[in-house]
């Protein structure tokens, strides 16, 4: 059995959880969060935990190359796959927001939610101007998260252009080099989705 | 007269009340909450109480098989009927949200709000996959809550598929084996209703 | 010059202000609140005050039958007129919400926002059932608040059926026998307006 | 190198940041704030800072007539230009809200978002009645903020009628004689934008 994760990693995860809960982004114990510990280990939230009140006992250490023990979030394979594919990733956060859930269903067939011309693009690492297009990939949802992780990694690869994706009818994943950047990417993508959803609503008024 | 409810039951009810108030789900002293004490007794909120600031004096002990005294929420019969029908129920929470109120009116004639394919279905006990349909029953509203309780129990029975229902133009009821599960069901159903309402709004943009 | 208002009246006003600010209902120092002191005096908020941080110096004592001194909210005449007309009124609260502002403009010509069949009607004193109609009066806005008060009182009278009204493009007024009831009426009316606005939005999807 | 800004200026900036963060108006470290120190100097937030948790190290002193050092918000030129053009300006706050972002894109070609008849107009310095029109200028967005500042100042001049403007797809700028007035203008303009956006949504239901 692996030792518990470092207190600093637990606190970074818990702090993001408190923030996400205050925004209503982790209803009904939904969502799961992880933080890289070293090249071969990550800290991941256990399943069924109130994400606004995470304590040390609610986060477990997992090895990137070992089977996942019981009691860990069923979506841990999606987290581990991201860390294995891209060694620069230091944190992965997954939340359930209304905008992410609704848009992921609307654009599942298109395969991406596409935004253009927003200043908020610059919140995403690698985007230096609003004169750009952001395509947030949308994947089908699947309870077999090992198979799903393979599908996702095959499309994203090591240098994903956008630091996040949507699962259809499910929610938003985002990551970063550390917890602060992963949070910035969650907030930036959620803001883009909220604006885009609002524009989709308004289309009915423009004709 | 019955002894006051145990402090732990009062605190579980008060904690849910603070959470619901912070979300704006119990406006104008609306909503009512209960917690099973033992096989024959439950703790229920009194009427007219600010649900964000519940104290010991705001919760009363009721017997499942005795008449309800004055000063208790007028909807106590709906709570008691649920506990009598299903001995596995440990807590019942009722809130007033905009999504629940509006959708319950739209779908009163249909008899249910129907959602399909959401990951959030898994927040409901008994749902193991998003590949499922959730039908949240909608009942007509009635000030005669004793008669209404009979009607509801006749439809729901001991093994209700969905751990909650809507009263038309009124709000959402949900329950669980304990306070934590009842809260998870309230949050999960409310999230589903919020997403579904958003999709109903967007239909006007899709043709 | 009149003595400052009793500390209890100031605290009731300040507590409502903190609540209203937490909901975003008093943006840009908007809104004004009052509390009856005795048959001939009321405590009223001064103008330009952050309503989320009201202190003793931000509330003044006014006589119901004397001219209003400088520095008091320009809408004080609307408050005083209500207290003069109806001796049972103990508190008057005015807030600016998006739903109240938008609906008051849409229904100014109709003269009222009309809701039917909501359980939340019962939050309003005098309504015992959801099987009822609530007509929230809408008045034109006017910077001459003395003239406006006359117009409002002529329509409302001593036994206003609904404990509140809207000013077109301006916001919601509500009152009650005391601060708790006035808050309950603000919250109940705002909830009704939020539901009704949502239903107006959805009409485009129903044809 | 210039001395750090006075503690009072830092605290005024940090207090606004906490407020804006609580409203969700500065997602993903977006937004930037400034406060005049004297006729020739201002305090400005550094780039990449969590605007809900600003400390002394996160605010720098800039001279109005000197080049901007590294690490300062890329939008500092827009702030400095406002202070240079209008000596009465004491604070400039910039936030990213959904309503501001969406409406600025819808009305970029029109050059302004236009509202009429709202009581909230009176939150803006110089507006004494709701019987007025407010035209919030909309400018195209540009990563060359020095060129953009020139364009903005050429249109606004020393006596801008409205104490704020929008950058298309970007967000809201507002200012005032001091931090309290700048905050009132941000809140007032955002409320007007939220109401106006709601009315644009409702147009589809009115035909």
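Residue numbering begins at 1 within each chain, and the chains themselves are lettered A, B, C and D in the order written.
Keep this in mind: a contact is a pair of C-beta atoms (placed from the backbone, for glycine too) under 8 Å apart; a residue touches a chain by one contact, two chains touch by 3 or more.
None of these values were measured; they are calculated from a predicted model.
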Same vs different contact residues, subunit A with subunit D, by half of numbers used: different
Between subunit C and subunit A, distance of the C-alpha-averaged centres to the nearest whole Å: 44
Separation of subunit A from subunit B, taking each centre as the mean of its C-alpha atoms, in whole Å: 31
Subunit C, residues touching no fewer than two other chains: 201, 204
Arrangement of touching chains [line / ring / star / complete / other]: ring
Pairwise chain contacts under the document criterion: A-B, A-D, B-C, C-D
Subunit B contact footprint on subunit C (complex, rising order): 23, 117-120, 123, 128-131, 180, 184-185, 187-188, 190-191, 194-195, 198-199, 201-202, 204-205
In the complex, subunit D residues that touch subunit A: 24, 27-30, 50, 96, 98, 101-102, 105-106, 141, 143, 167-171, 197, 200-201, 203-204
